[in-house]
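Two complexes, one shared chain (chain A), two partners (chain B, chain C).
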Partner chain A sequence: MIRFSNVYFKYSLNDDFALRNISLKIEQSEFLLVVGDSGSGKTTFLRCINALIPHFYHGIFKGDVTVNGISTRDKSPSELASIVGTVIQTPQNQVLMTTVEREIAFPLENAGYSEDIISVRIEEALELCGINNLRHRKISELSGGEIQKVVIAASLVHRPKILVLDEPISQLDPKSAEDILNILKHLNEELGMTVILAEHRLDRTLHMVDRVIVFDKGTIVADGEPRMVFSKTDMNALGVGYPPVMGIALKGGIRPPPLTVKEARKYLKNLLLNSKIREPAFRTGAELFKLQDAWFKYTQKWILKNVNLGLKRGEIIGILGHNGAGKTTLAKLIAGLYHPQKGKVLRRKDIRVGMVFSNPDIHFSQDSVEDELKLSLRLAGVKKDHSKILQSLNIEHLTKRNPRDLSGGEKMLTAIASVAVSEPDILILDEPTLGLSYKHKATLIEFLKRYAKNKSIVIISHDVETIAKIAPRILVLSHGTVIADSNARDIMCGSFVFSTQLNRVAQSLADEGVDSLILTDNDIELSGAYDKSTLNGKERRSQ
Partner chain B sequence: MKSGRDSDRNVAVRSYVKMILLRSIALFAILFLIVGTIVYPSFMYDFAGIISFILVLVFLLQFVVLYQLKNYSSKEITTVAVLGAFSAAARIPFASIPSVQPCTFIIMMVGFVFGPYAGFMVGAETALLSNFFLGQGPWTPWQMLAWGIAGLVGYGVSFVRNPRAQFYVFLLTGVVYGYIFGIIMNLWMWLGFVRPLTFASFIAVEMTSFPFDTLHALGNAVFISLFAPKLEKILKRYSLKFGVFLDS
Partner chain C sequence: MRVPNPFVIFVWLCVVVFLSLAVLSLISVLTLFAATLVVALFVHGDEWKIYMKYSTITASLILCFNLLLSGGWGNNVLFKYYFITISSESLLFSLMMVFKFLAIVSAFGVFSSTVRIEDLITVLERLRIPDKALVTAVISLSVFPVLTKDAKEITEVFYVRGMNCEKKSMRDRIKARMPLLISLAETALERGMDLAQTLELRGYPSRKRNPWKKIKLQLYEKIIVLILVSLVPAYFTLAYFFRLQMLEIFSVMLTSIAAISRRCVE
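Right, the complex of A and B next:
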């Protein structure tokens, strides 16, 4: 059991309290989802449970946190490690060893377990997370999603009573995300583990959990059973948003709102029958970049095989694919960081390319967000006002802050701003929705749509919902080969894996007259005039 | 909880025992020198190289034990270890330019921000670790000593309170320390390989190293003026964010 009593925390370098008067009780074997806007205190809350606060992060800590009767003031994180397993937001930072097996063995070796126990536990953890094939691989050669699974496996070897995960599926492809969530469900239901999960991707998590707590500016504003909390509270205002099926149902006045696709099939049928597809109008210009029969490898194995790709001005391409398919490598070829060993790259001389990496930390070299942007402008030789982009990304309040002190989502937006500020002709974004709340995602989507008017954008993401809203063209990579490159609707509609939640509802209702081409809530026309997003959509089209 | 404190006490007791042991070794070494000199008048002279080597080693060990006695947290020890590794790694790319490397200034800055113990340890680690790449030898303990003292000197600069004066004092100290570092290393050379051991022969050794020491001093000046304010900011920020203070 975890008990928070009147907990306050302020990081030493921040002015405001990150947590304010938090009091709650979490029973053993609960499955808890923590949601909230970027920077609302979710991560800080999780850090209190594994005792990183007050032992690792320095600041003002008031109140008391007890975990299974032990006060976190008395025990250090290492002493709590056998009770609380932790997966932090950036899994790359959690890895210590060079190979997967050694990494998973490390926590136990450190705690002095015998060899027999260690080998059994490693096997168990690898099997559970489905990564036995990675066992002897080098960590440095793994993709972001694979590292995420390794870190989760490493957190399980202690057989902890409580598992704390900060956005554990953010870098996983839909299938792997589903796998990991099923593992968590299994651990919770069969082994009675308490699972505490902070996550922005509600469509995959909300229906699995027993309880959800909502953070806003460091306080808990709602706490309870998911369906109840989400129907009573205005989640859009809190920056959390709704899972797509639930959002539509609430807008259409359907109560109680459905949580799962299965429920949505029943509840949303009438609503969906009235919907119309709106094809996004987009114009494309001259070709900026072209890859012809490109092959690329780092060492022995070909990572990219025979890739053909043309990129025109005004285009937004979404790249989908399983973990380790070569998506980031392809992005690096486009950015010119690597050159294919075979094949041709045609890039117009006068264009600039900017790339945002999935780990925003590596973008930062200056002491304030403002200086970061100024540096980008200076390096690109562009003279421009840097404050505009902060406004359009809705982060102007961060101007003077040190980028390293920001929350995960705020860091990502700052990294995107620092690359996009010099307006490169091709903007490449690797997992740009990492750590972004609903509110920030919406801002980012608007920003990128505007940006793409006379530039082109390449987005790599596992966040199918965002890709569906943003990218008219989608490219699917599998084991280094482009297996599909076409219109978003052609690829997503009817796909088992890469479809959106609403599309899954629509697909199964296709026989009953629902248009199976529905992808996002933008496609659904509601009769009431209160649906603002639809109205905006109309206006934009008529212009 | 109780056991944790007990084990802390055990560590402290063990460290005291080690300290006493080391003190007695040091005392024994000095006695040995005196007795040796009485029995065999040119003892110190003939074995100057090996004797000085042992004395330096004993001094370094004393400092390591003193560092242990401070009972730093694992977070603080990790910080010192990482900074030592960073400083050692920073030496290696500069190996081809004689005497020019950023280590001296990094070590001084660590001493400046985190205090004498961290400074000395980072300095000693720098020499020991980087010599695994560049070559270990009887010079290693002397280099550990010379860079360790750079950490202490850096700590000394922190007594200057005026922030503007601080930078210039730091710069000047860096330049001067380039030559002091040379003197310490020449002492090794002189005691071990030069005979007769006279003031004139020491000056001769000093003359041969002068150009290299000047390079070291100039290198320090360049690194300090380019990177010192930035590094200071980074270390102080880190110290505040994670509550790693050591003796700052």
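Right, the complex of A and C next:
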């Protein structure tokens, strides 16, 4: 179906090759996961499949890519559109029309289909993606998850043989992400579509795929069945990491490791029973900020309703909630960008607040990372050495690079550095793990823990695994109302939506003596004296 | 929102823009502007309000520049202060330039509020506009709504980082806003790139293209288009021989209202 033969590619403005000597075959109906550290070549690889390389992105292109027997050198992306459907990283930048049905009709109009066929295909795509109720809605009124589904539907109307998706769930809440992944599973299993997915969130995707390819510095370093690849390759060293249940199993010496929560219940029981639980330790200081009975609206509808929130020095608060729950609006209220129409804001006068937005691009205006940090210090009126923060975030090698030329993960870390460099007393991060690889996430978690020692952090994210590792306190928003504000264990343990992968295992083994308060691998100490007998020969063979 | 026929609105826009540039009397320009206001009232467009809101600053600048640069052209001096001289003629000329600008912006506001991007593609293709111009138009119109949101967010980013334009001179304010403008320009370019990429991936432009919803002109709409189009040669004839600019301007106003109100009421 797809064949790469000795493919090399170098973007015209870059010094290094983004892809080096890539040779592989992808068969029909395969579900392929592409993983790798930020900037390892995943997106470039996908761009070769839909012919954006060499037709849209120019540079040095060697070797050959054939899709369904057609060389991508000979056909443009628009000519390949009926064979390859594509969903890019930012769904908001992939919608052109004003209404859902016209967006879905657009590719078919371009292919010259008759009105009747277009109507049938629209109906089909809407049904397949479960968005028939959105048919007449305006795109501008949709949530992030809904837009993503519309983009997928528009990619499917051609009935393509291949669907290529670049981080399609990174901006979605857990429920929307699950919906999208179920659609992909259905397309692959029932309709035989070849699905090629680049994604950092392994806990949600790894168990679904047939094959994984791992990229490192533009080359493929591992390729094969997920369990085999993740057992034999040091994924931490490659910056990819492991899904939580797999990571803990490998740490405990269980090989091959479990892929799903269901398998983990069997394999991890003894390991968890013999582990010591670490009690979370956190100290807090004086109150820096308080919202009292705050109400806020942009136009007619109240976005935040009667919100009460106090924030102390040394505290890290995680804010969870579905897309459109009011999380970003609350963050802007804390940052002082908005003022509540009703209620009070009590903020100490001597404190500064910094906020990192979910789109890192809007933070950049300078030609180098160094100049970006210097600008932040100048604007904040702070005199400080800017290089330390780059070291703390492991991005000192990017000092002279233009922030807009960086990979998604590097951009996000640079945006965080540009805000945190002036050391605001309250640091707000809106979806800081977007596009971050395991390596970058680990760096960020360590950095935030250090930062919070004498400052406060508010972190908004759909990434419950990261929130569970950083935030001892969680606030859950639903339709503008705070429905829960308590410690992380109270809220996340046993939750249907917000629990972590490891907690789902622990919950189901609670009756057998496993502590149901385990959220992440940080919460447990492996004792080593556990019985590995659960993974008997029969089970090994069945894998 | 009520949606008039996109083809009629497009022709109306072209005629209003042409006449706004061509006519040389304040009353004619005011009438044209009033015509666009009436149409805007019918369509209740949000974009129109945004266009008008942002154009007020530019309109004020046009007024000031014209008053200053006309240097008291004319005999009836109304005001004199050192080198600044304002005469009734220069005032009328400056106001005419302002309302020319406002009439054009208002017409574009109505156009943006009523013509959806999918219909614009169909209209422009029908007029055999080249592909490259079409792609540019599609990208520009898609970027604009997102850009206003980006502009707001970029301002917020710089505000949180400590940008403070208050209590500063105009020069310092402009200097302080430079990073913000650079960021906005670069973000717009990146969005434009993503949209161009999406157009490619969706198979556009294409010679085979067949619009799903065709734009059909009813008889009365055809007559209105004919009248609107004929106003352009009529303007030259009437203006040259009879100097009756007002006649065709009123015709634009009446046909505009007829064109839009009929469909809106339906």
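Some points to look at:
Note that in this section the second predicted complex is superposed on the first by the 472 of 543 C-alpha atoms of A that agree within 3 Å, B and C clash if a C-alpha of one lies under 4 Å from a C-alpha of the other, contacts with A are read in each partner's own complex, and residues count from 1 in each chain.
In this section, a residue touches a chain if its C-beta (ideal position, glycine included) is under 8 Å from a C-beta of that chain, and two chains touch if they have at least 3 such contacts.
Worth saying up front: this structure is predicted, and the values here are computed from it rather than measured.
In the superposition on chain A, A:L197 makes contact with neither chain B nor chain C. After superposition on the shared chain, chain A has more residues touched by C, the comparison being chain B against chain C.
In the overlay built on the shared chain, the residue A:V229 is in contact with neither chain B nor chain C. In the overlay built on the shared chain, the residue A:L13 is in contact with chain B alone; chain C does not reach it.
Legend: residue contacts after superposition of the two complexes on their common chain; A:F56 is shown touching both chain B and chain C. In the superposed model, A:D74 makes contact with chain B only, not with chain C. Look at A:A442: by the touch rule set out above, it reaches neither chain B nor chain C. Of the residues of chain A, those at positions 56, 78 touch chain B in one of the two structures and chain C in the other. Those residues of chain A that touch chain C in the complex are listed here as 50, 52, 55-56, 76-79, 81-82, 86, 88, 90, 92-99, 102, 105-115, 118-119, 140, 154, 332, 335-337, 352-355, 357, 359, 361-366, 375-376, 379-381, 404, 418-419, 422.
Those residues of chain A lying in contact with chain B across their complex are 11-13, 56-58, 74-75, 78, 367, 402, 405.
Looking at the complex, you find that chain B touches chain A at residues 1, 74-75, 233, 237, 240-243.
Looking at the complex, you find that chain C touches chain A at residues 116-118, 138, 142, 145-146, 150, 153-154, 156-163, 178-180, 182-183, 186-187, 190-191, 194-206, 208-213.
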